[in-house]
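Note sheet for the following structure.
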Amino acid sequence: MTGTAIADLIHGFGVALQPHNFLACLIGVLMGNIVGVLPGMGVMAAISILLPLTFAMPPVAAILMLAGIYYGAQYGGAICSILLNLPCHPPHAVTCLDGYPMTKQGKGGTALGITMLGSFVGASFGITQMIFFAPILVSIALKFGPAEVCSLMLLGLLAGSTLARGSALKGIAMTTFGLLLGIFGTDVTTGLERFTFGFPELADGIEIVGLALGLFGIAEFMKSVNKVEPLKAGYAKVRLRDMRPSRTDLKMSAFPIMRGTLIGSLCSLIPGTGPTIASFVAYATEKKVSKTPERFGRGAIEGVAAPESSTHSSVQGDFIPTMSLGIPGDSVMALLLAALTIQGITPGPQLISQHPDIFWGLIASFWVGNILLVFLNVPMIGLWVKLLTIPYKYLYPSALFFVCIGVYSTNNSLFQVGETLVIGVLGYVLLVLGFHPAPILLGFVLGPRFEENFRRAMLLSRGDLKVFIERPISAAFLTVCVILLLGQLYVRWRSRGRVVTVDAIAVEES
Amino acid sequence: MFESIQRYRDYYAGALLILIGLSTIYQSSRYDVGTLAEIGPGFFPMVMGVILAGCGLAIAFNQSTAADAEHDAETLGRPEWRGWGCILGGVLAFILLAHTGGLFPATFACVFISAMGDRTMAVRNAAVLALGISVFGVLLFHYGLKIQLAPFAWMAR
Amino acid sequence: MMPFVRSLLCLCLCVLALSGISVRAQDYPARPVKIIVPFGAGGPADLYARIVAQHLSDALKESFVVDDRPGAGAVIGTSEVAKAAPDGYTLLMMSNTHTVNETILPNKSYKLMRDLVPVAPVNFSDLVMVVHPSVPAKTLTEFIALAKARPGALNYASSGTGTPYHMAGELFKALSGTDIVHIPYRGSGEARNAVIGGHVQMMIDAVTTMAPNVEAGQVRALGVSGQSRSSVLPDVPTIAEAGVPGYEATIWLGLMAPKGTPDAIVQKLNVEIEKVLKRDDIKQDWAKQGATPLLMSPAEFGEYINKDIEKWAKLIARSGAKLR
């Protein structure tokens, strides 16, 4: 099995390195990278623009190019999060939490360097598991019915509600608020429109790109306008030497990268659980396992390394159910499937045996593409960091425009630009009142899936709550939930007398 | 004004959550709650509303511990009406002009108005910035990425 | 001065508006034509719209631009076309989602046959009914017997409430007299996952997307939904021949224009679209994708739409208020 896989892979490299295929891959990742840096500019938009171009191309080149856009965009996505505190794409929102504080400490280059490293490791792992374990992983993923997904979401919510700094109560409140925002729109189970207040535009819910850019973009501009002291000149002078993460940085990120990668690859297998959920869960996990959780939110390098590697391994892993079952993990994958269908190739269980050129060529092109991306991006880090030398008063109006056009482009809807504005103002009010926006996004992402699957599980069991403990995978997740809750209570109870010392450490750090 | 918000922050925060929670409960009471076998669309929002209102009460009456407060305290400073107004105005201008005027005027207005929110910004500099971004924006988004927004509305009609 | 300028402007606008409406068909199209697709980018409606647009651009020497306006089960994009100027420069890509919406969304801002005129149909695609291999039924008649023996015990998945796939399932229940519980999913991918994983026993989905899973033995095909067998799965009988006479449920696409669009332009577009649909390469390519071109005059197409609206209205009235 392994032997043939390697032989096939070599064949795949032969396909991927043919000049026109290589060129297609290069164009794809380049385009993806550019789109990725632009706030909100969806991969969807980019792919649907290039789609007609691929009609005339041979199938292998077409799919290589379109796939390249998809994973290429993820490399660009972290740059604005880290340097400008602007999450260009939802999966990278959580990277802002520690990436931006690192920039403020003059370590933006290091953060970007670690991101590239983590991304490459994550992606490589995602590809490797696609080569060797795809069939096993698919059979595990198929065991996930509504009850299992529901318990997993509950675990994600519990782990994530302590995502941000500060009061746990406020974190829970914001997660719940996010859950509430998530159910705006048409109820999947009954088709009823909820909380749309008479706007047909709200029937499909709040657009996640708008939510992220409102909460992190517009609210942040409102907070910073006229208040940002220019960053000290030295911060922007980044030499190649500064970008290379130091030995300590590497040591600190090694395990977070590994954990993030594993989480990402697990998330990619469960249908409807894309990179956004993966990166949030990875961040929450890092904070949970860290011996010094109080460093998170103040520029902890683990808080950048884990979610980024998780995003990338999830993005590559997303191809597994798509290619081997013909079941797309998200809308971008659905678009890729459509592109293949146009070429007269239907992805599914027989893709590997019927079209080995496409399958192995695609896998080989992932490696080629990721290596290209690292070569494209590492020299660019210096250039990106130069962004910081632009005075804030020129930066924020330009960024505001990119936010507007980015949100518009996701659905060609000006209503959603307005939606983003309202969310931005609300986000600013919440900031003033001492709430942090990150858990809102988590609740928003997990909430609808939690509700849907809970109701679906109940429909299937005809109202019997026992399904959650009778099914072993679900029961296991619920057990972890209980352990997590008890642990949290225990820590709270024990630290009652130690508040002062924790406080002292925190003050010392800042 | 801001100082009082800062001092009584948790009261305001609690009150806001209670408000959101109660209006959620009110709104979801219009949807069917259903039975366990067939849970209705009103069930989840109802639960969310109760949790939010509960959190609000707890936050208002259980002031943050010193450590938490230190974490939460973002320095607020003075209210910044000009900056806020210009940021909102910039986005609104984009929304109003994108279809009626086209991508170019919408971009120009958005960047120009929001740039004027900075108190050290000169009108000339704002105009130059807006012009630059508009040209770049039209080239990149209309011609490059083929976003369906004409540079000027009369070009598409 | 001002009133003069204003009246001059008014005059100009009037002239412009008049000249816009009195476009002669032989001059049409004189500028780019927009085809609004009220569904998501990359879906079948978007893809076929792009293919048709490409060929129309070549034939009429003027670009046909596809503009995706997804949202609210196609209502957002459709109401935009309903409000657009009836000059032939705004067209709508529509499907039987629209005919179902006529009944399940009575409060939307437009009425399909009141505010729009039919131009031409594009194509239809067959659906296939599949069950998980653990279901003891090998044929459709056995499946119906099984469902009748255990009313309310079996489940079927769909890609969402009110979608044509859901309607196809409800139609099956009504015509076969069975009671099967509908489990809605978010999109066809998740629903297929549920059936392949055995969490739900049955579903009805597009032939092309399901065919590979059928060939791999992950699901068992019981019948296809069209009037004749599908070229993608030629061994599978139609549901009508296998035990539910009169059953037909496909996904079809067509083009409409705002009410008041000059008849000459509608006719011209219909003729040009028919030329595209009759091309050999189109027929072959679409056959691989499970789609068959539909050829009708605007009047015939209008009749077709009306019949479809009526069919779903009757079904929804019969199957009860379970939808909303």
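The chains carry the letters A, B and C, assigned in the order they are written, with residues numbered from 1 in each.
The rule is short, and it goes like this: contacts are C-beta pairs under 8 Å (C-beta built on N, C-alpha and C of every residue); 3 or more make two chains touch, one makes a residue touch a chain.
From a predicted model like this one, the values you see are computed outputs, not experimental measurements.
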What is the identifier of the chain with the smallest separation between its Cα mean and the overall Cα mean?
A
Please identify which chain has its centre, taken as the mean of its CA atoms, farthest from the centre of chain C.
B
The distance between the C-alpha centres of chain A and chain B, rounded to whole Å, is 22
Between chain C and chain B, distance of the C-alpha-averaged centres to the nearest whole Å
37
Hey, how far is the Cα centre of chain A from the one of chain C, in Å?
33
Quick one: which residues in chain C touch 2 or more of the other chains?
67
Which chain A residues touch at least two other chains?
45, 189-190, 192, 412, 459
Hey, what residues on chain B touch two or more of the other chains?
148
Using the touch definition from the top, list the residues of chain C that touch chain A in their complex.
40-44, 46-47, 50-51, 54, 67-73, 75-76, 79, 104, 108-109, 155, 160-162, 181, 183-187, 189-190, 192-194, 196-200, 208-209, 211-213, 215-216, 218, 285, 288-289, 323-324
Contacts from chain A onto chain C in the complex sit at residues 44-45, 47-48, 51-52, 55, 141-146, 186, 188-192, 200-201, 203-204, 271-272, 321, 325-329, 331, 334-335, 337-339, 341-342, 344, 346-351, 411-413, 452, 456, 459-460
In the complex, the residues of chain A that touch chain B are 35, 41, 45-46, 49, 165-167, 169-170, 172-173, 176-177, 179-180, 183, 187, 189-190, 192, 194-195, 218, 221-223, 225-227, 297, 392-394, 396-398, 400-401, 404-405, 408-409, 412, 414, 417-418, 420-421, 424-425, 428-435, 451, 454-455, 458-459, 462-463, 465, 499-500, 502-503, 506-507
Interface with chain A, chain B side, in the complex: residues 5, 9-10, 12-13, 16-17, 20, 24, 27-28, 31, 35-41, 44-45, 48-49, 51-52, 55-56, 58-59, 62, 64-74, 76-77, 80, 82-84, 86-88, 90-92, 94-95, 98-99, 103, 107, 110-112, 114-115, 117-121, 126, 129-130, 133, 137, 141, 145-149
